[in-house]
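Read from first to last, the chains carry the letters A, B and C; within each, the first residue is number 1.
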Amino acid sequence: MKSEDVLEPQLEALDEDLLTIHDTVNQEYKYGFVTQIEADSAPKGLTEDTIRFISAKKNEPEWMLEWRLKAFGHWQKMEEPHWANLHYPKIDYQDIIYYSAPKQKPKVNSLDEIDPELRKTFEKLGISLEEQKRLSGVAVDAVIDSVSIATTFKEQLGELGIIFCSMSEAVKNHPDLVKQYLSSVVPITDNYFAALNAAVFSDGSFVYIPKGVRCPMELSTYFRINAENTGQFERTLIIADEGAYVSYLEGCTAPMRDENQLHAAVVELIALDNAEIKYSTVQNWYPGDKEGNGGIYNFVTKRGICRGVNSKISWTQVETGSAITWKYPSVILKGDNSTGEFYSVAVTNNHQQADTGTKMLHLGKNTRSRIVSKGISAGFSNNSYRGLVHVGKNATNARNFSQCDSLLLGDKCGAHTFPYIEVKNNTAVVEHEATTSKIGEDQIFYCNQRGISTETAVALIINGFAKEVMNKLPMEFAIEAQKLLAISLEGSVG
Amino acid sequence: MLSINNLHARIEEKEILKGINLDIKAGEVHAIMGPNGSGKSTLASVLAGRPEYEVTGGSVEFLEKDLLELSPEERAGEGIFLAFQYPVEIPGLTTTNFIKTAVNEVRKYRGQAPYDAVQFLKLMREKMAMVEINQSLLSRSLNEGFSGGEKKRNEIFQMAMLEPKLAILDETDSGLDIDAIRIVANGVNKLRNKDNAVLLVTHYQRLLDYIVPDFVHVLYNGRIVKSGTKELAFELEEKGYDFIKNEVAQEA
Amino acid sequence: MNTIETIKERYQQLQSNNGSSVLTPIEQHAFNTFNTLGIPTVKNEEWKYTRINGVFNKEYAFNPEDISASISESDLNAIRFPGDEKTNELVFVNGLYSNELSTIHSENLTVISLEEATKSEYRELVLQHLGHSSKYINDGLNALNTAFAAEGVFIHVKKGDIVEHPVYIYNIIDARSANILAQPRVLIYVGENAQVIFAENYATFGAAESFTNQVTEIVVEKDALVEYYKIQNDAAHTNQVTTTHIRQIGKSLVNTVTVSLDGGIVRNNLNIAMEAEYSESHFFGLYFLKGATHVDNHTVVDNVKPHCQSNELYKGAVDDNATAVFNGKIFVQKDAQKTNAYQSNKNLLLSNNATVNTKPQLEIFADDVKCSHGCTVGQLDEEALFYLRSRGISEAAAKSLLIHAFAVDILGHIKPEAIRQHVDELISRRLGVEIE
């Protein structure tokens, strides 16, 4: 191969890198504002009445209420899990508001009717709903506290038979689809937080891509916790029917508050024959202050099932936020020749703690999975990768490749890797690679000696380390995510 | 070009340099030799501005500037290059990206316009050929998983790219087999000209067969105790460093 | 008489014949250890996958005087590595060093018997380093070899010198008239700032069986550079247990490549003790196994001091009923901060009856280190195979080309071109592929 071929693309990428780095140093959490809007809330605490209240508020059909109550029954018998490498004070589940909705006209017919304060919020978040209306490219569903506020591009998508709406609407307008798929991937009894979510979930996004349709634009949901003492429990359900394709983005922010707030979401993905779902997350919930006060407790169950042959599910996540992260986006590879992917960058700084990873369950024949996890720890934080690769008895010719790299900035933080590999079929090829490395004064001095300042050096190192995952994000998100990394790690070395 | 005057330096509480005097003019090659722990590497580190070392006395003037006042990156901008004895690994950062950033930051310091991708690529190809470095190394993370020899080769490549005024080679020969020493020496010799200077820090005479010094200095116990020409290096190799130690003891 | 009795008898005989030497207590201690531990069985965790005790159910001649070790020049020519007239050749016959057959050209290279060495200026070196391998391999076979240490040789490479021509070591067994037990023993000392290349092979003449129990200990001083290549391509009726124990007592560089292509049971212990800061070692392995060959590579890297770098890659293709075992252990001791250690083992399983047991292990007691390990067991890439066949290459040829390609990066680590080409020819002949 000629040297030009290899070098040219690298050099192009290089200029981009440097451009974004200089723009983004010296920024703090910029999404920490609170929007002054009236909220319609449930009283604190969790009883059957709370659930009836939520269900009534949402005018839900009886079957939905029963489903919730059943989940609640299970939840009451369950115990909060503590096997993760996480340490936090006991959560008082009776001290949380389980439903809070911005008071506004019950139905929004056009974007112009949205509360102006709320619209300002979205503009601050960089999501101009107006802009979205004009630019074709991304369709947005905005969820604030517990309720979906607005979904754009509905009509255009409707023409293709694509359903993109809030879960509340889906329950009313597409009950058959919801009944068929809801909790089919994450059962209400799956785990403590999933059961809690099923009991009290307030809203979320629903996507259905019909047979043979490639969704022409990125679908996106922005989640925002605004009200005080509120938990956010959203639930997302995405179904790609035979031969369908969709790329879905999720972004989250929250105000800076001293107390901890709970976020327990559930995401379910279903890919039928020859379908593909690409799910990307940039998670930037408030991580708490430098001393470790406040921040979001993020306990999330995300799981997809490649139910059909040749189907594919890909999770990409950039996690910089939350005080506590407990999250393992997984893929059940049931269909023959199906593929699961997990690309993750998890950054922890100050006193943040993350225990995150994935599960790839190979059940069908010729199934493939790929895991690339990049953990960056700074300050006093702890970052754990926990991953399971399971190859079942009938999963002939399963292939997995896992790579887990950890980067430590400074010597007060920790990185941990917990890979679990279970192989019950001898035709499997499972590869696992792990590295841990540290950036300290030596590396910085080396860069300095070559004329590179400390700030530039840190930015170069971080971006280089995370690049493989960043490249998997859609363009709109990649730049945002790169900025986030720089901000999260500002001042952590040197 | 470089004028070191009664330089004292320490690390933590231990005094290592105890009054170094050395003048280097443009176009010259100086070799510093000495037994382990004599302060050879400390001198190289202090000149480059390694933060762990504290200068406790004396002065260093480089091209009419007070070198000790400058940060490490400013010194690099002025034209000081240190080829590390133990080059550092930086995962995730490709050598190409690293060196491009370095070249352009140094150019910025010197008030020159940054190279665009095409100019940079041209320069890189030229220097790669000069130091016989394999281009596959350059697309890998900086020094990561490189053998000791590859790291040393990469140091010389970076030196070629940055075109320093004063190149300090800190035991660049250690861990290299004879073929690698020849290649490294070739690279250094090609880069020599009447406007720059080289300071070789080495423990053995072998490297000096290939990069012939104008002056050889023997560093012992934090001071330069003997200076001479290339023949001094042979004498050291033959008699061992004990002969210097004895000589110093006799003089005292 | 069974083998164990033969060994005991010979030991007693040697001890009574030879007068007292400084090596006697070392030998006695080792012999007692051998008596206590015996031949390792599969109950010993380190021998879990390799059943060696069966080898001892046969009778072997273990007294070199008993047989005529008549190795002719044409015998030697048949097993020689390619080289020029300046090449240094050290020849061992049935485990004993042969002065007559060996040729040393380099002045800076000294080869004398260990017994002789203890009576020379090297006495302290020998006493300090002989038997250090038992720290890592505490089994009966290591002790058995040490019990006869006085018959071994000492190789000294002078400080500051480059041994310009490689040192070839030929381990020859003459099994034309009897089963042979051989125990070569070597202690190598490489002085400060010296450079030397070793390459060794194993060859048996005759149809009788042989068992080689070899221990080689290498001490590497500051700023020295050592390359060590081991090529194993002996017949299927030969068995070998080899121990190569390397101590880097000064900041130094060691490269080793172990190539195993044929034999009965082959067990290679490779230990690298990195006892000096900033030491560096690279060790590679390549095994191509067929028939019923069983190759077991046991490696230990012990990072004792900070800032060391080790890099290990073993690759192999296993066909027919053959078995490959890889057991790689990396220790990073408490003081060994800033250690960089990489380890990888990659296997191709080419038949349903072939077996691979791989066990990479990391034991890390320091906190600021960079270690990675990985292992793979897989088959040839079906897509690549199809691609080649779609270009008109037969299935067999396509497979051979892919297997050869799999080995290429290891071959690249054999630096002397003559040895690299020699190994490539052996492999290519095996695979039936043409190389340029």
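Brief remarks on what is shown
FYI, contacts are C-beta pairs under 8 Å (C-beta built on N, C-alpha and C of every residue); 3 or more make two chains touch, one makes a residue touch a chain.
Values in this document were obtained by computation on a predicted structure and should not be read as measured data.
Counting C-beta pairs in contact, the pair that comes out ahead of the other among A-C and B-C is B-C.
The chain with its C-alpha centre at the largest distance from the centre of subunit C is A. With centres set at the average Cα position, the gap from subunit A to subunit B is 49 Å. Averaged C-alpha coordinates give centres for subunit A and subunit C that are 52 Å from one another. Note: centroid distance subunit B to subunit C, computed from Cα atoms, is 39 Å. In subunit A, the positions touching at least two other chains are 435, 437.
Shared interface positions of subunit C, defined as residues touching 2 or more other chains, are 370.
Multi-chain contact residues of subunit B, defined as those touching 2 or more other chains: 89.
Chain contact summary for the complex, subunit A toward subunit C: residues 411, 429, 431-438.
By the touch criterion stated above, subunit B contacts subunit C in their complex at residues 86, 89, 145, 147-148, 174-175, 177-178, 203-204, 206, 237.
Across the complex, subunit B is touched by residues 3-4, 6-8, 10-12, 14-15, 17-18, 405, 407, 435, 437, 439, 441-443, 445-453, 456, 460-467 of subunit A. Of all residues in subunit C, only 160, 162, 193, 195, 223, 225, 251-253, 278, 280, 282, 307, 309, 311, 340, 342, 370 touch subunit B in the complex they form. Put simply, subunit C touches subunit A in their complex at residues 368-379.
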